[in-house]
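Naming follows writing order (A, B, C, D and E), and every chain is counted from residue 1.
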Amino acid sequence: MKEITEMLQQVAARLFNEGLEMFIGYESGSVPAKARPYFAAVQGETAALVFNPFCEHNLAKYLVRFPNAKTAVVVKGCDAGAVERLVKERNLDRTRITVIGVPCGGMLARERVLAELPQDGKITAITDRRDAFVFQTSKGEHVLEKKAFLLAKCLICTQNNPTGVDLMLGKEAPPVGETGKDPYARVKEISALDPPARAAFWDRLMDRCLRCYACREVCPACSCTECCFEQAVPGWQQGAIWLSKAVTLPDNLHYHVIRAFHVAGRCTGCGECERVCPVRIPLMLLNRKLAGDIDELYGPTPPDVPSVLCTYATGDRDEFT
Amino acid sequence: MSVNESDVVTTAEGAAWEPKIVAFLCNWCSYAGADLAGVSRIKYPANVRIIRVPCSSRVNPQFVFRAFERGADGVLVAGCHPGDCHYVTGNYYTRRRLTLFKRLLEYVGFEPERFIVRWVSASEGQRFAETVKEMVDGLKHLGPQKRVSRV
Amino acid sequence: MDSKIIKKDKLLSLLERFIAGYHVLAPVREDGMLVYRPVGIPGDVELNPGRSVLPPKGRFFPQTEILYSYRIEGEKLTLEEYVEEARQVILFGVHPCDLRSFAVLDAVFTEEPRDAYFTARRNNTIIVGVSCSSVLPECFCTAFGISPVEGNGADIHLTDIGAGAYLVEVLTPRGKELLQKFDSLFEDNVAGAEEAKRAKEASLIKKISLSVKVNDLHEKMASIFENPYWEKISRRCLGCGVCTYVCPTCHCFDIMDDGAGKAGERFRCWDSCLFREYTLHTSGHNPRHALAQRLRNRFFHKLSYNNQRYNIEGCVGCGRCVALCPVNIDIREVIGAVRGLV
Amino acid sequence: MPRIGVFVCWCGSNIGGVLDCPAIAQEAASFPGVVYSTEYKYVCSDPGQKLIVDAVKEHRLERVVVASCSPRLHEETFRQVLRRSGLNPYFFEMANLREHCSWVHPDTTVREQAQRKAVDLVRRAVAKAARLEPLFPGKIPVVRRCLVIGGGIAGIQTALDVADAGLEVLLVEREPTIGGNMVKLDKTFPTLDCSACISTPKMVAVAQHPNIRLYTYAQVEEVTGYIGNFKARIRQKARYVDHSKCNGCGTCWTRCPVTVPDDFNLGLGERGAIYIPFPQAVPNKPVIDLEHCRRSTRGKCGACAKLCPTGAIDYEQKDEFVDVEVGAIIVATGYGLFPWEKVYGEYGYGRFRDVITGLMFERMVNASGPTGGKIQRPSSGKEPKTVVFIQCVGSRDEARGKEYCSRFCCMYTAKHAHQILEKIPGSEVYVFYIDVRTFGKGYEEFYRRVRDEGAVYIRGRVSKVYQDGSKLIVRGADTLLGEQVEIAADMVVLATGAVPAAGAADVARMIGIPQDKDGFFQEAHPKLRPVETHTGGVYLAGTCQGPKDIPDTVSQASGAAAKVCGLLLRDELETNPLVSKVNEALCTGCLACQPVCPYRAIQPVTITERLPGQPPRERVVARVNEGLCQGCGACTVACRAGAIDLKGFTNKQLIAEVDALCL
Amino acid sequence: MGASNPLLPKIATVVDIVRETGDVNTFRVVFDDPEEMAAWNHRPGQVAFLSVFGVGEATFCLSSSPTCRDWLEFSVRRAGKVTTALHELEAGAKIGVRGPYGNSFPYEAMRAKHLLVIGGGIGLAPLRPLVNFMLAPENRKDYGKVEIIYGGRTYNDLCYKEELFRTWPETPDVAVWTTIDVAEEAWQGHVGFVPAYVEEVKPTPEDKFVVICGPPIMIKFTVKALENLGFRADQIYTTLEMRMKCGIGKCGRCNVGARFVCRDGPVFNLTELYQLPQEY
């Protein structure tokens, strides 16, 4: 990991020499085993850049905040699609962005890692040993098997090396995901329940939703200037109010079902929505359901079409006859 | 399908509960089909309330959810048969959107009978009437939709 | 006031009796998270809970609450208030930081003119505090002079003093009245309990991140308002409402109408100062249009304005926002940065 | 809330006999915004309309709701009433109490439910009315030129009518000559006048008309724009003969060394590689069929070029494109014949040379046709004595053909029978039919005459035709007598049904007009708007809309011409105000709306946006061309941000309708 | 809760609607309960909430004088959801009213002093109660001269025309200067922006308070003009507009720094404003 971190710092320094205005990467967090988005605006700020298995954030959406600056961004395999999506939908001017790819050996579940490491041990180095991460701490060396410590989304990952990048750092990472894992296994389990049981499953989760909108704010597919759920200035959109601000089960379900529908075919599967949810609603179960259905019904969408819902085939499956 | 005595849900006042269906019908085919049912004096249950839209592709899934939130027991969307859209391609988009949406609704726990999409042409008054009958029967079996009703 | 001891099994009996006679809200575990829920079975309750994902403030200030309904009949317009249910509520298992947060909320809601809804719920709730048994990495209550074992603000306070025993401190007449009914469950011999509590306090405080100090914060906040620091820290901020919704002292709300035509309801619901439309005027003018302004306002509210206005700190050091911020915006770092004048 | 007036109509006893209209009106009076509510026997009648006009004045009504019949019937009527009342006509909403309530719930057992439903329907209409906004049609200038696609009799007639009205016409025909199917016919039923004699003068008139520009051997490739302002691209296929030089002397086509089966004569005759389709072709100048031209197949010949006195032959000619602007389009692409060879095994799948189609018979019996008018068996050239006609080949056959009746086959078969009996003394004619349909003027009389002349009509289907020596054995059933019939025939003529002309689907897609389930173009209303399409400015003439005989075709062609004249003789057009509109502040420019628009009405534009605290920024947003938009609203759902809304069916209105119905 | 619930509006009836300009109406409102009407007391500069049930609640400054005991007046510009709904009401409609909230112009400190009123467009609405309070016969002797400088975009955008052109000018010791931004055919008066007009009129700062309200840009340049004329910041008062939901210092959103506009405002003098963050 040290190697990639150093490369990142060097690349950033070089890009600033070439006129870069903003470098979006990661720095170490304020608590152990945590990283966070980092924004270097000048040459002197590049030394804080890191890359380690806690860099789970998808940084792509931050690009939208710098519409006029020459910006570089660090992407993992699962983030690259987000840049592509944002470019495709004209949120970004690709020509002013340098996309820097990093090979990803999978991201670790922080809670599990902390439980494994000695409480007061300070992490000094992390090395990726293909099927395990080796942690050097002030209390010694610890080997964390990936199978046991990776985030669930990494265990079904098939794209841990980013594509479409301008610059790829380091060597291509070996596959992380376990082969033969069905990404839709949980979706299928839920689908197999009878309707009342499905309703109960979702009601319990949706009842928890705070409508803090973290899932939306972090989502690279939720790129509307103003979300339809809170068009605040009256008169805009002729005053249609889609959703009550009241936090009730019907409204929460409405919000999540429609959000999932709005990102249908556009979700890049980065899983950020699920990560940021403070009340642990497994939101990817909604996105994955749609992804599965789209795959089953319509297959891949041609690259020149904005999304699966912006096209059709006369022979599409008809479940309404 | 018939409703057994024991299945009849009653309201607090003791009257037999009747499901409420909101129907979005496209102006050119399905609304005309419902008109034809009228012209042909084809009887069907009085549970359906129709909203006219120019094309089934105007039906935002959020309208469907809205209806459930406001206490509808079932929602029907009807449009021209694929290929016959007055606006050439509108119902092809409807088909994609609402196929995914219906599957999603069912996935989050709605019974399939709650949300129905049908193709009803201007000449299919009978089919419209039958669709309503079927829906009413289905909904009577399910009982009132209380889950997302804010009423 | 007075102290007693209760054994763990008896504590469960006590809870059982609470449940029989009151509406009991208590921390339970749900999908690995701690949440306050109405409970029906004592065994569901976490007796040494740790940090709940949402603070218990929702008992007094629910996320969504109907204020009143309206009805128009002919020329007549009538309003009907929503009235809190008569049955008393026991809010069980509140940690000292959250107990302090009630005082912070009280300052806002019971300042004249009092908020009728908050006050009614507050008056109708008996609070059972519980000392912390563990410290999480984000905890820093001591910075605000809170002890993890003191029950200020509770009617009754429990401290696990080991060996299956809890020290019960009865702190208010209301607490006393409540426990009187269940006298048989307690033991009066409290010898050694106070010492055990102090020892616990000492060991907990040792673990709390003591680097956070706020003594010179107020003066320094004033001088740092116009500092590029706020723009820098806001770069990673998502502008979501996590920190405000999990904050035990955040009290902002919106008031909206629901219903069309002749009848409907007016309700209020939590709002967040980080949301763009929070201060957005109809004209499109937004006094805090930039995320940096909004984030700065939040930190100023917590660390300066609240104290200026109500003479009580707006932060209780519960660490929820630190733990749950998706991009690790850490109020302790902000305090540190301000004190070091960035 | 605007002041709303509600008018509940009894429609005599149609509504009033089932629903309690006064009670509905009374309940409606309590709906939000309603300041006046009444009922009346017939609101659509003159006094009923006056009731509205007066109430608008007296009660200062700002919105009007009529609860009566289907808006498909009377919406426009009442909009005009509002206009007369001084209100914006779009301040009107209807509740459909007749078709959707009283007529379908007439039973006394459901009276109460029906009444409740009626009240709900009125509440919905009131809720929408309260949110209606004034709409104003836009004005667009009109290009006074008409494009006619297809040069058959429909296209010819319509072009002549429009041109005679003083408007410019572009007539595009894909074959080398205009005339279509009609000029291939010999005589027309029931009057037996010579088809060519009545159609060729019209063809000549087209060619000579100062207002008509004729493009033969050409195709419309692309149509954009909207009513009054279409842009079309015409591909002029290379003829390899420069028609500006050619004087039509005929030397070339009589001396071409190549012979090719002649498609004008349906393969019954031959032509050269340079040819005119038939002697009276318009234009009367040849084209070269390069596929068969010896110069191109063998690399040497050039006979025509050597012979041509004017040097008109140009082997290097390329397809050319002409871009035109027109205000209206008349589609007259005609019909083709049902491809019976593919499905009808019992008639031999086309293997028997003596099984021919009605149109082949027309060419055969035509004096200028390949046989010079002699009826002969294609297999032997001998005169047939026994001829069997089989009706409804492809028509009225749901299983293998088309469900519909092709309308003209009964009559042309009767005419063919007559021609056989007339031209071949002693001949026998048998006609297998399902029903004989003779609805036109003089048709029944003609049919009787043919039967009187000796044609034997057998009601029943033919189950098999097979070759037995030189004879074709036709085996069928006589369902009237209930017995098997077997006829040894010399020739079998099939009355093949009509289907849309090849390429109709491409035309539909190109112009953006729907086809019905059989592929014929869909008219805007089967009864009241039979020559219009749902796309403004596009009209239909002739068999492209559905099978019809010549008089009907010509009538429709003149009808379409009248519509076009009505349109193009105006200076400006009013646009439909029920169109989509983009709120640019909300639009993110993702353009998810663009591909879903069937009318290509949405285009990206770059705007400069100024937001507080940020420098002005250029960005792309979607914009709707109101002239192109037809108001389907598909884009409004594609737009996640809700930045596009459809006027007259806004999100706000629809949400209010849902809410009102669920109350 | 009943009477002790400050969030519960009192039912009132719109008794009259005066069309001031194309998008401003003045609503005259009377509580249905005469006791409520009698108990109502507000000070010049205070605000109240009006409710259109089913639509929502919004804050408006009272534009009637505290000395008027028979009704309340609110001048409302049609802009958002609630204001649009208010504009669609007709006389007789039922609405909800709660308040009054906030501080007021320092009318006590203003005793024996002169007053300069500077308004632009609907900005005159919060100043009008102060003017009419001072001009009320029972108070007139307590106050000095009243000078009013008022401008609008066009003649049609001027509010309270009856008072502006008749009542006030005809009152002794009151001077009114009116201006419009762009020349109009029928307009005989001054043409130009308010700040420039202030410079022309040259009011003197001695023994005087200034109250000013209007579009932010007008306030900004008028204050510059006043400072050039020798006015001190603590002489100049204005009233802030912020989004509010509760009016009683609970809902949080109207804070400017540690101050809540609903409780500590809406009236501030410039000295105070200069100490607050520029977040209003």
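Simple rule for what comes next: a residue touches a chain if its C-beta (ideal position, glycine included) is under 8 Å from a C-beta of that chain, and two chains touch if they have at least 3 such contacts.
Just so you know, these numbers come straight off a predicted model, no measurement behind them.
Here the chain-to-chain distance from chain A to chain B, counted in touching steps, is 1. More C-beta pairs touch across one of A-C and C-D than the other; that pair is A-C.
Using mean Cα coordinates as chain centres, the one most removed from chain B is E. When every chain is represented by the mean of its C-alpha atoms, the one lying closest to the mean of all protein C-alpha atoms is B.
Ranked by distance of CA centroids from chain D, the top chain is C.
We define each chain's centre as the mean of its Cα atoms; on that basis chain B and chain E are separated by 53 Å.
If you average the Cα atoms of chain C and of chain D, the two centres end up 71 Å apart. Chain D has its Cα centroid 32 Å from the Cα centroid of chain B.
Computed centre separation for the pair chain D/chain E is 66 angstrom, with centres defined by C-alpha atoms.
In chain C, the residues touching two or more other chains are 254, 256, 258, 260-261, 280, 282, 285. In chain B, 61, 66, 83, 89, 93, 97, 150 are the positions where the chain touches two or more neighbouring chains simultaneously. Residue positions 32, 596, 638, 651, 655, 659, 663 of chain D are each in touch with at least two other chains.
If you check the complex, the residues on chain A that touch chain C are 29-32, 34-39, 57, 62, 65, 208, 210-214, 216-218, 230, 232-235, 244-248, 275-276, 278-280. Interface residues of chain D, counted against chain C in their complex, comprise 30-32, 127, 611-613, 656, 659-660, 663.
Listing the residues of chain D that touch chain A in their complex gives 133, 583, 585-592, 594-596, 615, 617, 619-620, 638, 640-643, 645, 650-652, 655. Within the complex formed with chain D, the residues of chain B that make contact are 18, 20, 22, 27-28, 31-32, 34-35, 37-39, 41-47, 49-55, 57-61, 63, 66-67, 70-72, 81, 83-90, 93, 97, 129, 151.
In the complex of the two chains, the chain E residues touching chain C come out as 1-2, 4-9, 11, 51, 53-57, 79-81, 83, 92, 94, 96, 216, 241-243, 245-246, 248-253, 255-258, 260, 277, 279-280.
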